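Per-chain numbering from 1; labels A, B, C and D assigned in written order.
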Amino acid sequence: MLLRNAEILFNDRVSPELYHMGLLCPEIAARIQPGQFLMVRVQEGFDPLLRRPFAVHRIHHNDPPTSFEMLYRVVGRGTRLLADMQAAGSLNLLGPLGRGFQVPDKDGLVLMVAGGIGIAPLPHLAETLVSSGFRGPFVLWFGGKTAADLVCVKHFKDLGFAVRLVTEDGSEGRQGLVTGHLEQWLSQQDELPEVMYSCGPYPMQRLVAEMAARLGIPSQLSMEALMGCGVGACLSCSLRCRPPKDGQDPHYLNVCQDGPVFAGEEIVWE
Amino acid sequence: MTSDKPVNLAVDLGPLRLKNPVMVASGTFGYGQEYAELVPPERLGAVVVKGISLEPRSGNPPPRIWETCGGMLNSIGLQNVGLRSFLEEKLPWLRPLSVPVIVNLFGNTVEEYRELAAALDGQEGIDGLEINISCPNVKAGGMTFGSDPEMAFQVVSAVKSRTNLPVITKLTPNVTDITIIAKAVEDAGTDILSLINTVAGMAVDVQTRRPRLANVVGGLSGPAIKPIALRMVWQVVQVSKVPVIGLGGIVSVEDALEFLIVGAQAVQVGTANFVNPGITLEIIDGLEDYLRQQGLEDINEIIGTLEVPRGPVGIGE
Amino acid sequence: MTSDKPVNLAVDLGPLRLKNPVMVASGTFGYGQEYAELVPPERLGAVVVKGISLEPRSGNPPPRIWETCGGMLNSIGLQNVGLRSFLEEKLPWLRPLSVPVIVNLFGNTVEEYRELAAALDGQEGIDGLEINISCPNVKAGGMTFGSDPEMAFQVVSAVKSRTNLPVITKLTPNVTDITIIAKAVEDAGTDILSLINTVAGMAVDVQTRRPRLANVVGGLSGPAIKPIALRMVWQVVQVSKVPVIGLGGIVSVEDALEFLIVGAQAVQVGTANFVNPGITLEIIDGLEDYLRQQGLEDINEIIGTLEVPRGPVGIGE
Amino acid sequence: MLLRNAEILFNDRVSPELYHMGLLCPEIAARIQPGQFLMVRVQEGFDPLLRRPFAVHRIHHNDPPTSFEMLYRVVGRGTRLLADMQAAGSLNLLGPLGRGFQVPDKDGLVLMVAGGIGIAPLPHLAETLVSSGFRGPFVLWFGGKTAADLVCVKHFKDLGFAVRLVTEDGSEGRQGLVTGHLEQWLSQQDELPEVMYSCGPYPMQRLVAEMAARLGIPSQLSMEALMGCGVGACLSCSLRCRPPKDGQDPHYLNVCQDGPVFAGEEIVWE
């Protein structure tokens, strides 16, 4: 965990609500594991007060020194301030934080599921799997409200992913919710996935976890919560989880420290 | 007019001596370990750990926090690992460090406070207790111990009767006259006072028309509350005979200085740790710089030096 | 899902009917004239004028304000032109306007409150009185009327005995349990409650080591205190039988909606007028937009509709 | 009084701590009287919360539409935010506000005294006098801590002013305080000034008022106070003044509404 000012390399609008921000901070970059996140101070001063959590989207190892990217959606005050930032400015980061994705136990079908901005942490995971020698096959199921949400598809294809798109309004790919189409698809596969990685809205995550449980395969879900500190100090970011021992009551784990990635079977869904 | 003479930051809080007056506030710094990569606990005046109770508590359902203008609301619900895990899993990491460790504690009944004090007394590696009296008294229908002088007196007496450790009593700001509570817990024998805890507050999501916190009401902390905290510390130092630790909204060295100048012997930094984890170290360095700038050599030279104009001082508009 | 159907913003506060629920708070809008070029008073739900007393008061020496994080401290010291000048010089300008005029009033003794109420009763162009009970009671050594249920009861009874105008009692937040004061003034016959007044606070200049306000302590207002105000309004609406006006830190339409949703029948906007003089008009328009967006037709459909989860709700951490 | 967004035309650093900001808002510009001020919202959001008061430094009638300038010193949070602003951005202004300078009753020697950033409102006054046909002579006494404080001297000279400079460190002009040298100079003049206009720190203003009173000439002082509203609504900006009738107690006037320009004899100095 480091506290550093990163230089903003670019901050590009990639769809009406989505931005790619490139950041230069080799020390932090060197430590990031797929699925980890950063706590970003969006402005000096104290309004807004709290840092905002963001996944690391991609790492660029090729250009020395190493840089990385965030992909974010403008939803409120903090992300609006981020969107206004200019290249060459600087951004104060705390990170990398949390427990990221685990690589699969062995090679085989790897399934990723993303809903909307839930795509954010998956490219880094995908690149890591490919560069660590996993050979897949890799499949990404990606759902959004509309075509503009479905960003960085080409990047997955370039990595050798089969990409299946779903939009609620049918403007691209299949129409409907990603989970419905995914379930149908899964039921038609001969090979079971080694693991299902997923990031997206809570109801989607829940359905993914349940599918994985029914099929008896591991799921790894990157979860969200409102965060105060990002480091496990404030106990704000609780997620109801199964107790360590059977028979005990459910307890709360910290998304920031025990997660953000959880195994589906850890979570007690509400 | 800066000089390079060494300056003294050490302060005495009755039985407790700190190498500098900058502590971290309970519940905002975990058990010291969480921020250790950035803030070596040994640089701090003291570490106050997250409030513990006899039994582990799972806390409130999420959402547990909400950001407000210059502040945040929290209703963690006093989640904690409980006495036993604290002693077995958290304290051993802190024990070897040369920093005073203050254990923040709370109970649902006077009896629970008493038991906790007894269990913590004589534990190696604990240098003081901080009693959180802002907790609901289950026997008094949820009214907090800290809002009634009689209940506050009982809690502090109970703790004092079972410990030889220095006892800090942490006051809630949600009262009409904080000096009455301060005097009550002083009569009960507290060695030190700390104030303030969070101010009760609330926020609503206008789209869903639901409270932002599952618990509806939470505690407001952060710079928004600093003027309230400073006023209360100033009121309390004027009537109290024991040392006072000031906290509430401190985010800068100037803020810390304001509390010292009105008469706090030390400060605690809470919410600011989330915003800028390096803030405690910056404040410690900043205190040194301030003393040098002012041509002073000892932090004690500024404590309680507020120059107040003659004439009556009113509250209220 | 916006429509163009007309929506209703009119609300009834017992004897007082407002064309919309957005009033301006006493002391932040002068006597209506100061902002009239930007905010035609007739667009507002009501105008509450600066607090007046029997005799003119010169107020506190400067400095009288200080900015804090998300808030400001003020200690104007209740400066005002006094009853006579108010009636002769200020009221005539307001009288012809078709907007309810509420006179905020205060005294140093119960007797002064009584006299003021008598003098204001029956004056053409006054539509209601708002009693400021946050003022120091000179007979009780400066303790405010509003922090003691018995004194608050007496003030409100005295005013009610001498006026036929609708009486609003404005509560101070600087109390342990605001519902006790609310019930006391309800028993005394107040028609309406308004809350909150400012929160007592303080700030220090670390260079000079003097208070930022000549009066040392002042009242904190602005968005910093909104969570506190909202919590208190929510507490009060649950026990009170009379309509409640919510205020404290409102700076946006969302803020106003939060107060309405927890159960306030109207809101007052104070400090925000300084920051954005157009804010009241923006809030009025914003309320209409919100209703349309939600497919509603009447602001009364959202008042008091907070959806609270089952189970116990605690205060305090 | 108007509430408007003005376009920032330029925002130039003119000395280590001083900035010139050009603003385009013809509606406000058309109404500004010399000595009036603006309440400036230095940032959206609510920290800092309050508007900051600034004098109008100059008006440019020549370029249609009319623009105007502020001259400001960076002293704290708000002015630092101002200094960071970029041309083409916008700034929310409330104004013009307050009671400005009165022109002299008749032609003759006009004396202006400025201390530090107190120079800010005087160019607009000087231009107004000249363009209204006053013929002077005009004299500006201008004091600062150091040479860098003594900005826009050329502008006064171009208007026909005799400019006398004083610095505390002697880096330009006479060394010392402006009031000391001014007093000596005044004692050597044959012609008494018609009026003394002054803006600067409180102790300087007091000495100017006292000199004017001793000489029996009118003084017009632009005063400062902490301000909440700027329009007379909050009673924050009090200045202790002589009562309307003799024998009454001193009372407080509002700098924002009854001033910022006061006649020296109105003020009860403390």
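One rule holds in what follows: a residue touches a chain if its C-beta (ideal position, glycine included) is under 8 Å from a C-beta of that chain, and two chains touch if they have at least 3 such contacts.
Keep in mind that this is a model prediction, so the values were computed, not measured.
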Taking each chain's C-alpha mean as its centre, the one farthest from chain A: D
Euclidean distance of C-alpha centroids - chain C vs chain D, Å: 36
Chain centre separation in whole Å, for chain D relative to chain B (CA means): 47
Inter-centroid spacing, chain C versus chain B (mean Cα positions, whole Å): 33
Junction residues of chain B - those touching two or more other chains: 27, 68-71, 74, 76, 222-223, 251
Per-residue multi-chain contacts in chain A, two or more chains: 46-47
Topology of the chain contact graph, where touching chains are joined (line, ring, star, complete, other): complete
Chain D-facing residues of chain C, complex: 27-30, 34-35, 37-38, 50, 58-59, 61-72, 74, 76, 79, 222-223, 251, 271, 273-278
Residue ranges of chain C in contact with chain A within the complex: 69-70
Chain B partner contacts - residues on chain D that touch it in the complex: 46-47
In the complex, chain B residues that touch chain C: 27, 68-71, 73-78, 132, 134-136, 142, 144, 146-147, 172, 174-177, 197-204, 206, 208-211, 214-220, 222-228, 230-231, 234, 249, 251, 254, 257-258, 261-262, 290, 302, 305-309, 312-317
Partner chain C, residues of chain D touching it in the complex: 1-3, 41, 46-51, 94, 225-240, 249-252, 257
